[in-house]
Every structure is written in C-alpha cells, then in structure tokens.
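Below, chain A partners chain B and then partners chain C, in two separate complexes.
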Partner chain A sequence: MTAPLLVVEDLVKVYPVARGLFGRIGSAVRAVDGVSFSIAAGETLGLVGESGCGKSTLARCILRLIEPSGGHVSFAGADVAGHRGEALRRYHQRAGMVFQDPFGSLNPRQMIGDMVGEPLRAHHLVGGRRSERARVGELLDLVGLDPGRARSYPRQLSGGQRQRVAIARAIASEPELLILDEPVASLDVSVGAQILNLLADLQTELGVAYLFISHNLSVVRHVAHRTAVMYLGSFLESGPTPQLFDRPQHPYTQALLSAVSVPDPDRERERPRIRLTGEVSTSLDVPTGCRFHTRCFRAETVCSECEPMLDRVGPNEHRAACLFPGDRVALRQTHAAH
Partner chain B sequence: MNGPLLTVEDLAVGFPAAGGFVRAVNGVSLSLSAGERVGIAGESGAGKSVTALAIMGLLPVPPTVVTGAVRHRGKDLLTMRERDLRLVRGRSIAMIFQDPVTCLNPRLSVGRQVVEAIRAHEPVSRREARGQAIELLGRAGIPAPARRFDDYPHTFSGGMAQRVMIAIALSCGPEIVLADEPTTALDVTIEAQIVDLLVELCDEQQAAVMFITHDLALLARFADRILVMYGGRIMEQAPAPTIFRRTAHPYTRGLLSSVVRPDGAGGARLATIPGAPPSPLALPPGCPFHPRCVHAVERCRTEVPLLLDVSSAEHRCACHLAAELTPFDAAQPDPLGIRP
Partner chain C sequence: MVDATEPPAVDVVPATPITLRRDATPGWEPDLPASLLLRRLLADRTAVIGLVILTVLVAAAVLAPWVAPHDPAAQDVLNKHAGPSGSHLLGTDQLGRDELSRLLWGARASLLTSMLLGTAVLVIGSAVGTLAGFVGGLVDAIAMRIVDVMLAFPNFLLVLVVVGSLGPGLFNLSVAFLLAGWVGYARVVRGLVLSARERPHVETARALGFRPARVVLRHVLPTVLGPVTVLWTVRSGQLLLALAALSFLGLGAQPPTAEWGSMLNSARDSLAVNPALMIYPGLLITVAALGFNLLGDGLRDILDPASR
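For the complex of A and B:
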C-alpha cells in the first residue's frame, strides 16, 4: 500500500463579504467548509455537486491558485502550503488543470504550437526550438490532433479541438495529477464522448491521476473510480463509484440520481423521482445542523441541531454524512411510517 | 376538427454572416397537434433554435431570408404583418428561452413583468392582473408568490427565474409553447422539476409543446414524438420509444451511443461519432452527415436524402441506406458490439 498522491485534510476557504457603505465585514461565505479526501496515483476521483457548492473553489485551493483559509493539502508527501517560487513552479509542473471553457482558456493571439510549447519552456523540459517543435508535434498527436495544426490559431479550431489543445498543454509537463473542471460541459454530446475516451486513454498511457469535477452524474459514473458528492462546501457522501451509484446512502445523492434522465422512454416514465422541496441555500447562510436538512425529505428535528460526520456506511470506505443513512427502499418505508 | 395546430412547410432560413452565408435551416417540415409534446434534438448548429425563432417571427427579415410556410389557424405567419403577429405571439404561441436571468428586466419587479405580459394581451385592470399573476407564479411553483411579487429578478435563483419565465409564457393560455433549451443552464435537480412542471402545466392547458434540447435522455421523459436535426435538416422523426428502440439513422445511433448512461458500467469506451458537427457556413454537399458517417457511400456525397417513411408514416428517416441498416436498440447493453 503506497501513500496517496494527494491528501487534502479539513480544507476551508472563507470569503469575507463586505457589507454597508464603508465595506465593513458583515458575514462570510464558507465556500469550502472542512473537506478531506485523498487521491492515489493513476486514480480518478469524481466530484459532483450543483452550482455554487464549492467544487471549483476546492480545485483552485488544491493548486494554490487561491490561498486556502485553513486545512492542509499535501502532494507526494509534501505540504504544499509552504511552496514559494521555485517549489511552487515545480508543484505546478506535477499538478495541472484543464478548464471548462475551451473558448475562454486559450489565448486567441497565440499559435497552438506556441501554447503547447509554453509549459515545456517554462519547466525547462526541452533543449532548443527544434526539440520543442518535435515534442509539441508528439503531444498534438497524442491528443488526436494533426501536428500540422501547430501553426493554427484557436479561432480556426472547433470546440472539441480546442479542448484537445488545452489537454495537450496540460499534459506537456508530464503531470501526475490533473484537475479537470467540467471538461466536457460546453461540448456537443458526440464531441464530449471523444474527449472522455481521450482522457481514459491518456490515463492508461501516462498513469496520470484525475480529480474530475462535473455536475453531470452520468459522466462521473463513467470516468471515476471513486466519487464524492459535495453540497454547500462539504462532502455529503463518498465511496467507490459503482457502490455509490447503485446503493447511495445519503438522501441528497439519492435525489440527485433520481433526477438524472435515462435514455429509455419506457423506464424513464415509470421511474419515481424524489422531489426536493425548498430553495437551494447559499454558502452565505449554511443551515445549522445538517446543511441539507432544509431540502431533505427525511429530515427530523434532530437534523437541524446536530451536524453529522462523514461516517462509514458500507464496505470500501463508503461514507455518508447523514444521521439516517440507508437505502432508498428502506427509506421510503420508514418515511411512510411517519 | 382535429387537424394540427401548427404546420411548418419546407422552412428554410439563411442569413449573411462574417464568413459567408449561413444556411441554418434547409427544408424543415413539421406539425404540432393540441396537447402534443414534441422534442427536437440536435447538436450545436443543427438549426433547432433558428427553427423556433422563425416560427415566432423573431428573425429580422431582411437580412435574414426565410422561405416556406408556417401555418397557424389558416394563416401563414411568415407573411403576416408585424401588428397581427404580435397578437399571435404570447396569446397563441409563447416561447421560453435558455437563460431565464437575462430574459427578465433587472429593473422591474418580477410581479410587474408578469402583469405586463397579461395586460399586453387581455383588457384587465391592474388589480385583476395582479391577482392573476400571483396565481400564475404559484402554479409555476414559486413558494409564497404574493410575498415574492415585488422582488427583483436578481433575488431569484436560476430555477426560480425560469419558473417566472414559464409563468409569463403561460400567462395568456397559449396553445403552443416553444421551449428552447429551458433547462440547460440549471442544475439536475432543478432541471427535473422544470421538466415535470412543463409536462403538468401543458397537460392542464392542453397546450402543444416543442421542447428543443441537445439532451436526448431528457426527451425520453418528456416527449411523445422526437425529431432529430442535423445540418439544418430533420434526419429522423418518430414516436419517442421508436427513436430509442428502433433507431434508423446512423446519426441518431451515434448520438445515442455517445450519451453516457447513468446506469451503465463505468470505464468502457464510448462509441463516438468521429469529427464535429459541420458549420452552417460550410455545409457539405449531399447528406450533411456523410463526412462523419461510417456507412457513407458515393451517393451520400452527392445526393441529399429525402425524409421517407421507414416502417410507418410515423417513423421517417433521411438516409439512403435506411432500408439496409438493421435498426439499433439503445436499451440493449451492447447495441453496437463495441463495448467490451
């Protein structure tokens, strides 16, 4: 058993919110509120949650694109909090990120080859122009682009091709961890499927670990070895992907899964849906007790008073933060009894 | 009288753009009957939204060139005067857009915007309209509508704002609702609520709904009938179960096998369609799908296939090879024999 590649412990990010005329600090947004997990080398952890749950803030804290307010992030055994200058550069060589929008994340005035070559130069991975060009050609080929595309500009490429460029650029420094923030959300279905296949191939070939962030549960089920469900800055459930999807224990995960459409009209019409009531709270006013209790179909009085821990609910480190975890069938029976 | 409420005949839409002439819609014919829920599926540039905008008469002519006919109650909406068209819009045909937050005026209270929509079409007093608006907002699922009436759009979440848009769209009891990606900007749990709300309200009012989306799985729940568009044309149309269980067109198959299933086994490779959807600026000759189609033969490169009956008049497909290909069943675990 080797040590995990990335270990995140009790990570917190708080944004102060200025209120009033003189910008006095009124309250605080707890965007990430005590998150702990780890990712092993070559593994994919899927992170699902609705908009505003803190997924992207968490990703940025891990890479120290923003400074966390508390907790620890360690990568390959070293705490990244102390990294400055050269150490931070070396960290970013080993852990990178791919963003959602391939239209916004590429410099429109830079040629593709130049863009992919940039991390090679920054991390001194190539000797001269010629070896850079050769390596850029290899990288473009690896992500399924014609190496002749090196002289194109982003506007000459389709959305899928741009996302391939962003991936080529991210893998140029041979990272051990890539954070993928909604990498297929803005692509057409048929093109998104190609990118998912490419990411799977790259993982097999390069052994890179992924933190795969998505609001699309079907996609996460497809790509992730383990999955974590995030709600208002904190994990409500985590576990091996098949187990979590087949036997979700947290009412929120169950509601999320029941909302996903299955491409089959016969099954889709008879499938019961859990309707969540109430408005989605914001991280500005996280409810007391269990943060999900205001929308929960299972909530009892105690849920508004006592905050549940992310406890074991099944084998293989299947955990849920719920005072009344359980299968949906069992849940419904208990619910009917009330 | 049980004829269709709306018939679109051979609709074609084009407009000049920076890189040339965009041929967005190229001969689309469809009909909508009362109480029917029709889904239009397709990727970006397929011509879905432009079709809806053309039906509503919301495209500026010129520079846009619109040909064909959109018949509603014996009149062609394409040749109607703007003044008459305004009466049709809202009262008979309403539209719901993708991004609810930008559709609402940020400087007017939500209630006032619903009242305006009501008073634009019905001669009612402000007080009466207010009462109706509160009732509509409540039916659209806004909790405590009387209290939220005077709130401004920025205090509404995306899902709540879309409920307001639905209330506005339904304010005059339209016979036809065109919903253009109404849930794309929303989270899954909210998406499910909005889809169920649309189904409920349309059943109540017996309105016909045209639901435009890139998400075929969503249509499995919503639609009675599905039209699949590509390159500004209808490639296949059939009752929803037929689209999923007896798929005829190679594009529909590709699209269905690209959809990641929530119940599928993880890790398997997805059967994808090579390449990307064509730009409507440079549509290929012949069948618009032929450059990406694994079955394409010479005829596909030169001759545009017609939308012809497959097994019945209900199931139509625009493919030269439709008769030769075995129907595809997306519900089978191994429909293409590709998954290990």
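For the complex of A and C:
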C-alpha cells in the first residue's frame, strides 16, 4: 500500500472564551478535539456530523485557513505546520476547498472567466492571456458550463452553475486533494445530484481525493469510499462506507442512521427508530468520559468515567469509540435476555 | 343551464400594474457591479444635485487659469470696490482685484485642496486600517493603540498645535489635517476589513493559495470601497469647511493667495461698503459643502437601501 496523501494526527482546535480583563482564559470551546485520520490518493472520505460538531473547523485547520492548536497535518509526506509564504501557497495549489455557499464564495465583482483564470495566473500555470483563456474554456467545459459563460457575473448564474464555477476554480490548479464543505447542502436535490455526479466524474478523470463534509447521510453513502462520524469535535466511528452504513457499531451512528427516512411509506412506518433523549451537549462543555454518554441509550455508569478510544470493531479498519460497541440487532437480543 | 349572455358574477378587478422595484432586496448591497451602481446614482436626485454642484465647481477650479478673465493678484487700486461691469463681471475687491477671477482661483485653494487632502487622508488611513485589519495580531494592536492616542486628542487642538509649530500657511495647514485626519479612516477601514476577511469569497481566495497582496487588493478592498467612498465625500466636505474656517482665522492661506476663507476674512473690513465681497465666497463655501453632503447622502442611500 502506498503512503496516504493526507495524514491528520490528533488535531486539536481550541477557542478560548470569556477572556478576563487581564487576558485570563476562562473556559474554552474544544471545536476539534483530537482527530486522526488519513486519506489516500484518489479516495473519498465522507465526514458526517450534526451542525456545530467541528466539521468545518477541522477542514479549515487542515488547510491552515485557521491555525490548529495542536496535532499534526501532513500532506504528501510533509508536515504542513511549517509552511510559510511560498510553501503554503504551493500547498494550497495541491489541496483546495469548495465551500457550501455558492452565492457567497464567488466575488460578485469578478467575471466568471477572470475568476477561474485567477488561480492559473496566481500560480503561474499559464503562459499568457491566450493560453489562460483557452484553459479557462477547458475548465468551464469540464464542469459542464458553456465556455461562453466566461463573460457572465456570478449574479447572472443559478446556484448550481455557481457551484460549478467554484469547482472549476478549485480544480484549476490541478489539486490532489479537494475539501468539499457541504458542497450540495444549499442546492436543490436534483441540482445537488448533478453536482455529485460531476464530482464523481472529476475524481475518475483527475484522480483527485476528496474530504467530503456533509450532514446528509444519504449523500455521503452515495459518494464516499470511507466514512467518519464526528460528534463534539471528535470521531466516534469510522470505516468503509458500506460496512459502516450496514453494520454501524456506535450507538450514535445507529441513531443517526435510524433517522434517515426510507422512500417506501410502508417500510418507513415500520422502520425501528432510535430516539435520542438527554440534553445536547456543546463543545463548550464536553461531557467527561464518553462525550456521547449524556444522550446514549446504551450508556452505563462507566461511560461517564472512561473515555473510549477509537478502537477496531470490525474488519477493514472499522473503528468505533465506544465501550459497548455492537450491532443493533445483537444489542436488542442481549437486552431481551436481561 | 347558465345563460351565456349573462355577465360574469364577479367584477373583473382592473389589473394594477405590478412594478418590480430593482431595490426591493433588503439589506446592505455593497456588491453590485459598478455599472448598476452608476445607473442607480443617476436615478437618485439628491446624489445627482450634489454631483452636478461638485462637477461645476471642480471644473471651474481646474479651468481657472484659462477661464479667469484677470490675474487674481493684479491690483487696480484706483478701481477698488467697483460694481459688476463688462470687464469685471462680479466687480472688484478692496484692492481692485477682479472678484470673479479670485473666486475661480480660490476654488483651487479651497475645493481642490480639500479634495486632495481628503484623498490623501483616505489613502493613508485605508492603508493603515487594511494592514491592521488583515494582518491582525501585533501589527493591529500597535496601529490601533496609536489610533486610540490620536483620537484622544481633540482634532482641532492637534491641528492648532501643528500649525502653531510649523507656522500658518495653506501647506502647513494641510500637513496638520493630514496628521490628524487619517486616524478616523484607519478605524473605520479596519472594521470593514475585519468583516470582509470573514466573507466566504475572501476565504476562498485564501484557500486557493493567492498571495496576501492579491487577496487584499482584488478581494478585500473592493468590498470596502462603497462605504469608504461615502466617508470620503463627507470628510472632504468637512475638510473644506475646516480649511475655510482656519483660513478665515488667518492660519491657512495667506494673502495674496485667493482662498474662499481668507477672502471672507479680508472682506470683513469693507462689509459696510461692499457686502457682496463677503456674500460670494460665503455662498460658494456653503454650496460646495452642500454638494459634498448631498452626494454623500445619495451614495449612502444607494449603497445601503435599508437607510431609505
């Protein structure tokens, strides 16, 4: 096996809050709390979790758009923490990002062609105006936009078209990794599906790896080779997508999956659901022990004392951070036995 | 069966024409392209009046050497306090100088100086503010503490101190205003840059690996430009008034330089004989300040429909 493209080790991002008069640090938001994972070249890692669990913070820390408080990120074998100036720019040339909001992420004053050509100019990837225009045309074509759109402004495009522009811009510098932060969340379902297909095509064509962030489980199941489930700044479960979705081992993953509706109304009605109780914790006040124990239906006393590690629970690096991992079915049987 | 000839039971309500307002979107809209902004500007009566006033005055100031009928400093003591005539359209002043020529040249000293000064203050203040807001950290802390100290002084006091130590004169007065004036811009621009750098398209530009200079110049500053333009108009108007006031007090333009404020001052002695000498420069100062304010108000309305 070749070395992974991106390796994240024990990444931490802490935001101090309630700073006192003399700079005393009161409490702290642990937005990302010790996350480790890796992505191989050409692979898609899906990252799911509820709002505010630190998905976007994690993404920004990886690209050093915000500085991580601790841990390591290495890209293609090099630690990115030391990158300054030119080295950081070259890193951003090889690892890019597409944001959720296709309305805000495009400069409203820039024409599409200029916008897509800007990374080419900034990274000196084209010789002159003419070759830039040709390459911009190719890129627009590649993302399914009419190259004639080069002279449009973002406000003249639909949401889906704008997201295509954002993607064209992100792939302009031929990156090896793209972080997709909720790329389809603000689009209609049909438009979102087109964008997902486009992303899949681009992956086959260009061999780019994705970190695909979403709160939509169905979308992640569709696109990701592997999936990680994040909760309050930490991974609770990760593994190959089919395995994780078919046999989730962590109660949180099981609860999340039980909330996904099924198209068939009869099956939907009979579908067993897990309803989580308990207060939703915030990353300002992460519970002791297992961070999920306050809402967990399987929690025992020990769960509030011991913090579980992300341990192997199945083949193919299927891992879960739970003291009592197990299938739902098996679990129900054990409960029935009591 | 329904009788076909019977009129419909419900009256057809005459259709009211539905007008689509271009400005129906609420909230601050700094992101419209320049062409649309210009169209809106021309549709705003307040702004157009301000713009026309300023254009006429600036044209007069720029063209003064060519359109002024006389040398503004040429005295004709035998013909002082003359009324309007063919050769002196607005008459002559207490030293027999052509009043119209002096007013035209005075527009350079008053209006052009205040606009240039307003621009210089804007450039310095914006540079400091952008640097502080974008770089942050120690740079920001140091720059903003300097700004705090400067703001703690009453502005006029600062100006008087500088003019007092450099000596009166239009140039020294301008230096004083420059030293005192950039602070306000720095504060405002820093705030605008701080909010602009969190905008998604600015973050995207950073994620694409652009140089900080490119991010600032192409992605941050354009979003800051709108509010700064409004500020420029208002500040230039204030500078015009302040320059005229201090020249009136004898701290600015020195005779024989034609400047509206100092013209007001020298006309004081002959108020009883020839009140027109005070009315002309006074009126011009008022109209020019009005022009700045109208344009500023109009610009603000265009850029921020919520203020309507």
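As a working rule, the second predicted complex is superposed on the first by the 328 of 338 C-alpha atoms of A that agree within 3 Å, B and C clash if a C-alpha of one lies under 4 Å from a C-alpha of the other, contacts with A are read in each partner's own complex, and residues count from 1 in each chain.
The rule is simple: a contact is a pair of C-beta atoms (placed from the backbone, for glycine too) under 8 Å apart; a residue touches a chain by one contact, two chains touch by 3 or more.
Fair warning: this is a prediction, and the values are worked out from it, not measured in the lab.
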Inset, instruction - Determine, under the contact definition given at the top, whether A:G137 touches first (chain B), second (chain C), both, or neither. - result: neither
Inset, instruction - Check the residue A:P119 against both partner chains and state whether it touches chain B (first), chain C (second), both, or neither. - result: second
Legend entry - Which superposed partner A:L217 touches (first chain B, second chain C, both, neither): first
Inset, instruction - Would you sort A:A259 into first (chain B), second (chain C), both or neither based on which partner it touches? - result: first
Inset, instruction - Considering only touches as defined above, state whether A:N197 meets chain B (first), chain C (second), both or neither. - result: first
Inset, instruction - Check the contacts made with chain A and report whether chain B or chain C touches more of its residues. - result: B
Inset, instruction - Once the structures are superposed on A, label A:Y153 by its partner contacts, choosing first (chain B), second (chain C), both or neither. - result: second
Inset, instruction - Look at A:F99 in the shared chain and tell me whether it touches chain B only, chain C only, both, or neither; answer first, second, both or neither. - result: second
Inset, instruction - Applying the touch criterion given at the start, work out whether A:R89 contacts chain B, chain C, both or neither, answering first, second, both or neither. - result: second
Inset, instruction - Please identify the positions on chain A that touch both chain B and chain C, taking each partner from its own complex. - result: none
Legend entry - Sites on chain B touched by chain A in the complex: 43-44, 143, 157-160, 187-193, 196, 214-218, 220-221, 240-241, 244, 254-256, 258-264, 266-274, 276-277, 330-331
Legend entry - Sites on chain C touched by chain A in the complex: 31-34, 199-201, 203-211, 214, 218-219, 222
Inset, instruction - Give every residue of chain A touching chain B within the complex, in rising order. - result: 50-51, 158-161, 188-194, 196-197, 200, 215-219, 221-224, 241-242, 245, 255-269, 273, 275-276, 279-280
Legend entry - Of all residues in chain A, those that touch chain C in their complex: 63, 65, 88-93, 96-97, 99, 101, 104-110, 118-119, 122-123, 153, 166, 169-170, 173
